[in-house]
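Common to both upcoming complexes is subunit A, partnered first by subunit B, then by subunit C.
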Partner chain A sequence: MRLRRVWALVEKETREIKRDPFFLLMAFLVPSLFMVLFGYGLSLDVKNLPFWVLDYDQSKTSRDLVYHFVTSRYFELKGSLLDEKKALAALTQGDIRLILVVPEGLEKTLVAQRSAPLQVIIDGTFPYRAQVVKNYVTAIIGLFNKKRLQEFFRRKGFTEQQLETMAEPVRLDVRYLYNEEAKSVWSIASALIGMILLMVPPMLTSVSICKEKETGSIYNIYASTITRGEFLLGKLVPYFLISALNALILFAWAIWVFKTPFRGSFFFFILSALVYALCSLGIGLWISSFARTQIAALMISLVVAMVPSFLYSGMLVPVSCLDQTGQIEAHLFPAMYFVNILHGLFLKGLAWTTLWPEFMALVVYTLVVYFLAYISFHKRVKR
Partner chain B sequence: MAQVLANLENISKKYKGLTALKGVNLTIPQGVLFGLIGPDGAGKSTLLKIIAGVLTYDGGYLEVFGKPVTNERQAEAIKDKICFMPQGLGVNLYQELSVEENLEFFGKLRLLPSAKLKIRKKELLELTGLWPFRHRRAKNLSGGMKQKLALACSLVHRPEFIILDEPTTGVDPLSREDFWALLTSLVSGQGVTALVSTTYLEEADRFEKLALLHQGEICAQGTLKDILGLVEGRPFVLKTSEPLELLERLLAHGLRPFPYTGGLRIFVPGNHPEAQLSKIISGLKVQIEPLPLEIQDVVLGLTKGSEMPDIHLSPKSLRVKKGQNIAIEARSLTRDFQGFLAVDHVDLEVKSGEIYGLLGPNGAGKTTLIRMLCGLLPPTSGRGQVAGYNMQEAPGAIKEHIGYLSQAFSLYQDLTVTENIWLMAGIYGLGARRTKERIKELLQLTGLEAYKYHKTVDLPLGLRQRLALACAIVHQPDIVFLDEPTSGMDVAGRQVFWTLIYRLSRAIGLTCLVTTHYLAEAEYCDGLTLMHRGRVVAQGPPQRLKKKVEDRLGRPWLAKIEDPWRVREIFHTKGVPVSVMGRSVRFFLKGTRQEVLSVLSRWGITPLELERGTITMEDVFLYFVRSSHET
Partner chain C sequence: MKRLRRIWVLTVKEILQLLRDRTLLIATVYLFTIDIFLAASGVKLTLHHAAYMVFDQDRTQASRELRGRFRSPYFDLKGLILRPEQAFGALDKGKVLAFLDIPDGFEQDLKTKRQARVQLLVDTSNAMMGYLVAGYASQIVAEFSQEQMLTQLGLTEEMLDRFPLIKLKQRVFFNPNQEETWFTALSELLTVITMLTMLLPAAALVREKERGTIEQLMVSPVSTMEVFLAKILAMTVVILVGTLISVGIVIEGAFHVPIRGSMAVFMLVTTFYVFTSCGYGLLIGTIARNLAQVGLLTIIAIAPIVFLSGTWTPPEAMPIWLRSLMAFSPLYYFIQSSYGIFLKGVGFDFLFPKVGAMFILGFLVLGLTGFFFRKRFIG
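This part shows the complex of A and B:
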């Protein structure tokens, strides 16, 4: 290992980066851009769901029922015209998410002390959201039923105290730990650091090497005495610095813009983020050993990084909720381990003593990636 | 006998089923300037990369510096003594880095100590004339400067074996001259070996030894003299008033005529070429003039393939309407690209039915000029008439009367030959019946009948360009513009293409305006315009231009000398046009042999040999470019 050669490469690379505005943009703007895009765009909280009411009963009870929906912060009334066609069209258009159908004779049936049907039509395009909508509807109807029950007993002369315990003998008291307000942005913003640090660094290293392959300057390397290890190290150093800086920038975004709490050790965050960035850059080095063009390098980096970090990192869906193949795949990519560390540090305030297995997994993963990158890079190529 | 530096035994290489090299045997002696000449796709780059140890090979055995190079570890062992410069203008440079920074990077990569690097850097920058530009970014250098810097960078660690892949392709003649001089000076007298590839056959005499590569095989190697001695026979130029009869007669006898300065050039093999020729042309009124043997004659004789296709002409139905006498006329045509004059006050006059050449290096403004003449690009100033229509007033009418074969590949690769012509006919609005007739005519005209159902992608370059020509003339234009149609083709392919152009011009009366950067091809034209940096530097029939240079400078001398680099410097100070050719210099001095020898001895030069050469188009171009610089 001759450090002079490594340094020559680092120096050259740094000069090129500094003088290439497009590359600088990709290196520094793209990570923050992703953070803003996904941080604001990927919110899984279901609020202000637009809905339509077809109230065929037009009675006091039906209005009271609809009122429960209107006043809820989860729903927003978009239309109440008695026109089934228009309502369905709005649902198809995506202007509303559900239609509440109050059949004629609701009040009469209830007064006759019989159980009355109520229909809700939900846009099921996204099953997850449809589920959430259904749960909200069920909860609101439950509240409505409870109130009617209490009304009935009030008229029978029960006290308020009695009404409360009779209607809800067992009262559910929920408290969210780690993410106290169950804000999805907290969990997503912190996990995004993991996703972005897997997406951008491989692009940097693989594009920088493939650019040399495209122009032909790679032959300077092939035909010279610089060793494989020196070359890979020289290519790594500048992008490692960029990625480390990006880790800090992303951390700042999560803390100050998305107001995510941070409860763990900052030192441990830095340490694991650096190992993770190293791993991610190594994936890029490995990609560049078989990709020949910058476009190919970019595409492969995106596919290798985007898909696993979106689906299998535990950012959107917990890994434990995936099916068996999904779980195996999740364990194959580094994103899951780092997202576990991130959630542990940001939300749960976990320490090294609990997170060390995840950290060691990252270390082993990194070693494997570099081994692969090293053995698949050749100075005497097949074509 | 000099020591062997690199030895290749039966080297073969395949890329995914595509054979690049089939059993190459080559011996490169130490301390020589070795040339590897071949057309695009011959396998030159593959061979050079294998020798440089940056590419694997499938079969055979390679030895460099007496050591085997069969795996990556062995290849690493030779790399401190070699350099490799890939194909393309300055492609191995880092465009964002300055001249100096590029050199420094290469020096550090080669572990040159700082003090030594500093000295070496200054030395190389001064030698290449790049010292004043040392702070300029590589991307802002001209093509010739880039190439010189790339060479300097490659040589920073004083390699013993220099491998350069097409260093002169697309470089303008002046810079090319500089480049060769620089290379020769760096190679000569230091025991350094250089292996250089080129597509230009004209460059053959720059090398001490050379090898001809064709379709992955070495078809000849040795000195230029050895190679010229491989064939018996002699080339001639024939001029006649009945060109078509002569052409058919020559083709019928299996000869391969080229158009040449208004006549036809042929190589007649055998012991008694004169007698053979007079037998062939008996009964025709032909003016015969013998020519010196050139390497292209040898190459054409050695490389089989690209057979002359069977071409039928029915001139009556195809004849271009006899219109005006002047097909193209341009006056002071100028195109300004934001302060950069791509074409600068160009005058041009092309007669109907002529083959007219537009010659110049990359970036001379040829393509811009053609695009203006075609009505594709409005001129900034100046005026012109094409096919009788005014450029400014009727660019639409011009488009109907011209055909354009663009430099960029214009065919649809996944369509068949017929489908491509059909498509072009559709674009020009030909009716279905007319299209059918026209396809039949064009297939016959270009000799593509046998390939009509072949996909374009499967055709070799020569056939594809013939198809492109067929597409360009589907609507029976009066004029066809051909922008570097033969770029990258082998000699045989070029011969077929030029003969086709010749037929179109002579039989149909089609005016052909051809651009090229092959100086040799300039001689195939009836008339010629030489362009350099957007300006016309000379105009006229090629033989007249040659004559003009000969009148001014006399015929060139070729002197074999000990130290060509020093001698070049002497000639430079005396203002004598000179170029370095391997271990010889080529220069222009008027006078008899005795007079020249005495002048040389007065300057302290004692040539080992002194021979008379002939004027080439390269001389013509350099002469006119240099004199345009002086004014």
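This part shows the complex of A and C:
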């Protein structure tokens, strides 16, 4: 390994990047842009759910019931016209997410001391949303029933003290750990650092090498005395600098724009982010050994990075909730280890001693990737 | 006639070019089949086997009864523990999502008609899942609580009807069993189509620029629009074949997504979408100077298009300024139409405004592209 040769390549590469200011701008703009879009756009908090009421009862009780929904911050009344066809059309259009159907005679039934049905029709296109809607509706009706039950017992002559216990003999206190207000933007913004650092860097290295292949300038490398190790290293250095800077910028976004708390060691964050960036760039180097054109390199980078980092990293779904194949897949990609570290440092405030196994997994992963890139890159023309 | 022939020749050239890049071809096939399968099969966003631990300090029949309610498919017991520290360790490591703490004297409280309290600690480092865990746990406990109330009053479960309460009857439309694969497989297919239709035409155009073959096209009798049209046509053929394979093998074959509308209509809508989306791709190809730029520009364009499409985040949950940008995401219209055709079985009155808006967007973008292209190459 001759450092002078590596340095020459680094210089050439740096100059090439600098002379393409558009590319340089993009290399820094894209990660930040992603952070903004995904951070704001991927909010899975369900709120302001538009709904429609078909109140066939038009009584005091039914109005009180609807009022419970209207005043909740999770629901927003969009229509109350007594027209089933219109309501269903709005549901199909996606203008509303649920329809409340209050049947005729609701109040009468309740006054007669019997239970009365309330029908709720939910848009099930996106099952996650449907599940959350169900939970909210159930919670609101639960509250409504609790009040009615207390009223019922009060009239039977129980004391105020007894009422609380009578209506709810068992009570669940839920406490949120790590993300005390359960803000989805906190979970997402911190995990996004891992996702973006897996999407952009492989593209930079793989496209840079495949560009030389396509324009033919790679033949200069083939014919020169530079070894393949030196070549890969020289390609790596400038993009590593870009990616490391990006890691810092993304960190700043998460902390200052999305106000995610950071409760761990900053030094450990930097250390693991650098290893992860190296790993990600290495994947790009490896891709370039079998992709022949830049466009193929781009596509493979996107395919390798997007789906696994989005779906199997623990960003959307905790890895412990995945099924067997999903768990295996999650362990096959580096995103999961880094997202664990990120959530550990940002939200959980874990010490590096707890996160050590994840970090070691990243190191081993990186070494394997570089080994693969090294053995599959040849200074020979492939047939 | 001559014009048609020219377009035809160019289209064949584009398709041949695509087919001869074997890596690219494999990547395309992968995207249409395995990628969609992987994306849809492994990941469940709904609550599904959430791992939890129980610290049962009461160890009575009542406490056993309560913790027995937290069961599959929503919950998965990972262990009864003797010290709370064990649970905190597991929560830290992400091995479990929740920790149920039943205090001593739980049964005693129930018997003496005092309010019994149990605590649930939820890992919300993943807020979405934490929310669901909390929601389901609350429902389970509320049900248990209601039964306890009846017992305390000496009544049976059927007698609950004697109370003046609201009984909730929930029905889920369009996807009654809430099969998540229906949603994910379709959304992944639409994303794949978007990615390919933007990336490939942009790359094809820039490759001509990089190699200088664009100059040959400029001096030949073909017009700018004919060059574009040929690239779009070639893309349409590739995407339609890919979509048919994908729907046949993965979406129908593996996941049994219903097609309540007409498949032919879906293919037609897809054709319109390819036209619009290719317009965006060609715009990128016209602006970018080399492929590295194309890559970065494409993902810059794809990310907002996907995230403003309303797939993951519904419009009502977005800030106003983002919501107004949704009108420019062609995927928004395509997704509405596709879910409409597959899951809702909608007709033309539903599709017409959406496809129309999409098409207008396509024309605008293509016009803009033509303008930039002429400015750059013809002067």
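Note that in this section the second predicted complex is superposed on the first by the 377 of 383 C-alpha atoms of A that agree within 3 Å, B and C clash if a C-alpha of one lies under 4 Å from a C-alpha of the other, contacts with A are read in each partner's own complex, and residues count from 1 in each chain.
Keep in mind that, in the parts below, a residue touches a chain if its C-beta (ideal position, glycine included) is under 8 Å from a C-beta of that chain, and two chains touch if they have at least 3 such contacts.
All of these numbers come straight from a predicted model, not from anything done at the bench.
Novice: See if subunit A has more residues touched by subunit B or by subunit C, and give me that chain.
Specialist: Larger number of subunit A residues touched: C.
Novice: In the superposed arrangement, which partner chain does A:331 touch: subunit B (first), subunit C (second), both, or neither?
Specialist: The answer is neither, since A:331 touches no partner chain.
Novice: A:263 contacts which: subunit B (first), subunit C (second), both, neither?
Specialist: neither
Novice: With both complexes overlaid on chain A, does A:154 touch subunit B (first), subunit C (second), both or neither?
Specialist: The answer is neither, since A:154 touches no partner chain.
Novice: Would you check which partner chain A:215 touches, where first means subunit B only, second means subunit C only, and both and neither mean what they say?
Specialist: Touch partners of A:215: subunit B and subunit C.
Novice: Give one of first, second, both or neither to describe whether A:108 is in contact with subunit B, with subunit C, with both, or with none.
Specialist: neither
Novice: Scan A:11 for contacts with subunit B and subunit C and give back first, second, both or neither.
Specialist: A:11 contacts subunit B only, not subunit C.
Novice: Which partner chains sit in contact with A:119 here, subunit B, subunit C, both or neither? Use first/second/both/neither.
Specialist: second
Novice: State whether A:171 touches subunit B only (first), subunit C only (second), both chains, or neither.
Specialist: second
Novice: With both complexes overlaid on chain A, does A:347 touch subunit B (first), subunit C (second), both or neither?
Specialist: In the superposition, A:347 contacts subunit C only.
Novice: Overlap of the subunit B and subunit C footprints on subunit A, residue-wise?
Specialist: 20, 215
Novice: So in the complex, the part of subunit B that touches subunit A is made up of which residues?
Specialist: 15-16, 49, 52-56, 71-72, 75-76, 79-80, 82-88, 91-97, 101, 104-106, 108-111, 137, 153, 163
Novice: Give every residue of subunit A touching subunit B within the complex, in rising order.
Specialist: 2, 4-5, 7-9, 11-12, 15-16, 19-20, 215-217, 219-227, 378-383
Novice: Which of the residues in subunit C end up touching subunit A in this complex?
Specialist: It comes out as residues 21, 23-24, 27-28, 30-31, 35, 38-39, 41-51, 66, 91-97, 110, 113-132, 134-139, 141-142, 144-145, 148-149, 152, 160-176, 178-180, 182-183, 188, 195, 199-200, 203, 207, 210, 289-300, 303-304, 307-308, 310-314, 316-319, 322, 336, 339-340, 343-344, 346, 350.
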